[in-house]
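What follows is chain A paired twice: with chain B in the first complex and chain C in the second.
Our next item is the complex of A and B:
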């Protein structure tokens, strides 16, 4: 997986956010009254529906747009979304599953070495930014992948990107940059 | 009398006379008799000119009032912080530049004030004048996150870069705030600020080397360092008995809650080093270590190398023991990646550690280890960040289903109701009760 050495870095996807449309107007009150595992939020104008398997929380708007969060893979997100659409169908709405799109993927990864954040930021200005008083991690935005990597001094990373492939590429991209600025774990 | 240059709105003639017969002077057209009250026939249109002032091509435009106020605020802040003229000029330039940008021109007054503070902050950073964001936000009386957000935006828009501040520089200014010189408190508790600064700087450097400073807010660390420095400079029973709370009350500074944890962490590091002092016979505990701080700081580099060497030999001894005990499980461990098998994985990584350790020792670091998320490197190394030593255990994940996303979802599956554990328990109890009553009846 890595171009530099033979070890494989464990990239754990912790959250996948996806949206889809039902192509019909949804009556939120009906969903709130008749649906199972729902929370109605009239002040915002949405209903939250939680699915147990896969573990997904969906925000449902009356326009028919639905956002699903909490999945741990893209396939799981699609399965959960379809299951949700099926639930709404059973409630009586003329739902058509369309425009499914994974919007955001959040993953964590841990480097086998610690990183000297000040050196890393100095070498990669202005793409990297680090304000120790505001946030303990340095932020690195990869423009062409549209991914953001937050690097902590312990060597842990959190990566967000539009899909799982971009997240993996981002980790590969940033690995050599971090390797240059590694810090021995004890002095 | 003819009012020159006026036209009657009714008939358009210019025969208008001023009629002074009544109290109110009126203008009356001679031809048609239309009475027009004063002012309507004036040349200026009603409600001011058509073109607003800001859109005129008037050359002498007055600068925006808020800009002037903002510049005054910048000057005021520089005066409070006693900054030199160069920094002040730089801050004023930045403020003027930022004010032109559209993201700062139509914003709330509070944001403009925060912008003034951020300009001062950036100029200080660029001229290597030690100052923290906390100081600026307390000067502006604004939330630190808001100040942070405005600061990031300003940096991006103006495309400037600010060098990093070293906490050791800032601590000098921080220690000045503490009112514990001879004129404020009794002789036993008093301390000269220069001496105090020197020792606090040494403590902060030690903290920086041992992972206490990284990723944390600077103020509690500085407070902890000052407190320990003060205690250790004259460790009589009065000082040792005073808690952080009372110390802050004495020195008239506001106590920061994280400082208590920092003190504990610093003391732990000092204990680890204190053990290596050759003239210390009994074990070093957190209570005694304050007396030894002076010696520890004086010889800290030697003590550090000694401590690392002792730790390494201890680890090697451990691992040779572990390899003798855990040899049978060695083949099993690599095939298992689940987190519940923490112990075996730990042993396997320790086993792997020994051969590499013998190959590349004298470094004391594990940079070429195969990454195993479960046994964190905090346990293997002498100094590690507290977040790694007390790592949060990741929740046990259920086994990942082989999902493709295109499975058919049957009706029964949608309708199936999954019981919560509480309901399952209640159901089981009820079943038992029903079956026992049935058997009782029958």
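Our next item is the complex of A and C:
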């Protein structure tokens, strides 16, 4: 949704995972008993909390570390995290909002052409791997961006990376490689 | 022997003594060679008359054993263990390979891969089984044998994906570029397993042709080869009039029924499937298809578009219908003036003023005649209310509106419920959410502990909804405690046990396995050593307090060497001294104690000394008596304990005797010192 290539590829961010710290210990049982939209898992030692707006799911640990998943942009993740912190604040914890960090971003993107996976793997040998027995997509890992791209034969890509920017540059990086092994669609 | 020439004299007469392993020139007598390694095979006759070759077998790929250098000379400690690993690996590769019916060449290649893996330390953190399976699979891939990873995982009873992970890692690390899997490879194998008898070849050829066609139609990318093979074989079998059910094929190719079905339907969608058998065998269609999943995706998009269009049209039509509805309603109203109020009220979305009318005992259910009209009205109302509820829920920021509405509604609740059925449920829920008063846990003035939490764009009212009020908390607490009674009980028991153990002093806290040692900070080396000693007592037999005093310039002439022998009596000394320090206070108490202890000693000494020679007992007695007169000068009024205790902690009586005199000297000097070896008193 954010970054467009020259060919106007739409990169749709589907999930943003972020973490932050409250810098205080949280009584999970209190959260579990006084909040709605919570699931308490004492055996794992965490509380799952869901917010409606933005739609995020957070796992809250008693150490005060919180992982938010499900946002569709970095801003949304931050807003959701702040809302969550506010919610905890209202529950009576001395919550601070620190060390917010986007950890992982998942995005999908679709090429205007189909991809010859076998050729693609052959051309980019050690980095790309395609094992139909294990996974239908070819995996391509871009080390300096810390991004992993899964290429499907239909031309769909799934990109995971540490932030939206790196995901976008990963798509830009891989586009010419895919372009080489494209297979035009028959109409 | 005569081929050589002596270096010194040039003579050619050189005597080589095989037994001594030396070559000597007979002319000048110079030794030309020493310790010759012979390349002869010698045989020794055993006791049973069996002759055997002398020496040891050294395998080509095994390590060079070093028996010549002597067993004490460890040249290859690491090599030994590696050799073992390799040997184990080889054995396992042989085992697994024979199960897969791989030939020897493949096994050797696999072993070479394994050697590479071991030398690159890739085995660490992975199970040998997995590594070996991955090695074998690597060979299968590079050699193109018809084996799947699934077969290996089947043999090892390990998840395929774990093996896959190992395999991918090895392939990447060893830079082995395995060619992509070709489904055609598996066709002959599966065909063989399906037992087509004489027609085996024909069937597999047809299947191969089918697979080729499928490949052209983009069915194979991103799919498991086995599924594709299964579909092709099934079709081929049917084409050759074999009766093979889907189940038979599934059993061989090991995919799910649905997968196979899907492949078949995908094949059905390609133009090739429209051909007759003859045509198929003869004709090659030029056309290629899009990947099936892509077509499916396009299909979906199209369906969505259609649906949207349909929905739009429906809306239009609905608008018309509602127009008609209203007309009908007005007509009805006209024709039945009696019921007018009620329908009007329904139609006008329930104005609160109409309450009296609503609560009037007009029961709409009785009027069977205008059922249709009523239903239509009810439907409309339901829609309206639902929309409203949704709006409220979404809006969130308009609680006042909701509350005014809520105030008006509860009275309507009952008649509405009867009419609207499920819609009323939603209404009640919405009342529920708006009813609770906003908890004032966090008023605006509350200093948020750090200004760090930026409240911008945060809707408190919505967040409040995530927090239950007191009553709800109570209910939930009760529910939760009931639900988790077992867990709570367990926790309580655990806590109790811990406190109990703490009281008894037997509680052991779980320590972390690895504790980082603090860095010792010291200005001088001596200090550092001292600190280190403080932390880590080298021996429990050393009194470190006294040891520390040694370093201090006390000017003691009788400072003894800090050897173990010297330290032992000192310990005793310090003990005695301490006794002297607080002697007066403890005098009476200790006196009685001493007598007791003395008695016990007497009873215990003989037992203890049973093993020791009789002479030593006598010596011990001697020292005891010696100490008695010597102790008083050290300002010890109750010198009793000294000699009495003396023998108890000591194992070597001789030492004591030797040091007895010195003891007294140092005791005098070190009166000011104190020792705290309380445990050792007993």
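Convention: the second predicted complex is superposed on the first by the 179 of 187 C-alpha atoms of A that agree within 3 Å, B and C clash if a C-alpha of one lies under 4 Å from a C-alpha of the other, contacts with A are read in each partner's own complex, and residues count from 1 in each chain.
The rule is short, and it goes like this: a contact is a pair of C-beta atoms (placed from the backbone, for glycine too) under 8 Å apart; a residue touches a chain by one contact, two chains touch by 3 or more.
A quick note: this is a predicted structure, and the numbers were derived from the prediction, not measured.
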Fit or clash - chain C, chain B, common chain A: clash
Which of chain B and chain C A:94 touches, first, second, both or neither: second
Contacts of A:51 with chain B and chain C, given as first, second, both or neither: second
Partner chain(s) touched by A:37 [first = chain B, second = chain C, both, neither]: second
First (chain B), second (chain C), both or neither touched by A:73: first
Touched partner set for A:82, first chain B, second chain C, both or neither: both
Touching partner for A:143 - first (chain B), second (chain C), both, neither: neither
First, second, both or neither for A:129, with chain B first and chain C second: both
Chain B versus chain C as contact partner of A:112, first or second or both or neither: first
Clash-bearing segment of chain B relative to chain C, given 131-139, 275-283 or 365-373: 131-139
Residues on chain A lying within both footprints (that of chain B and that of chain C): 36, 52-53, 79, 82-83, 86-87, 90, 117-118, 121, 125-126, 129-134, 136-137, 152-154, 185-186
Chain C residues touching chain A - in the complex, by the definition given at the top: 148-150, 160-161, 164, 167-168, 171-172, 175, 177, 180-181, 218, 220-226, 287-291, 293-294, 297, 396, 439, 441-442, 448-450, 452-455, 457-460, 462-468, 473, 476-477, 480, 484, 487
Parts of chain A lying in touch with chain B, wherever the complex brings them together: 7, 9-10, 36, 52-54, 72-79, 82-83, 86-87, 90, 110-113, 117-118, 121, 125-126, 129-134, 136-137, 152-154, 182, 184-187
Contacting residues of chain B [partner chain A, same complex]: 132-134, 144-145, 148, 151-152, 155, 159, 161, 164, 209-210, 214-218, 304, 308, 363-371, 373, 377, 381-385, 387-388, 397, 400-401, 403-407, 409, 411, 414-415, 417-418
In the complex, chain A residues that touch chain C: 32-37, 40, 42-43, 49, 51-53, 79, 82-83, 85-87, 89-92, 94-98, 114, 116-118, 121-122, 125-126, 129-134, 136-137, 152-155, 183, 185-186
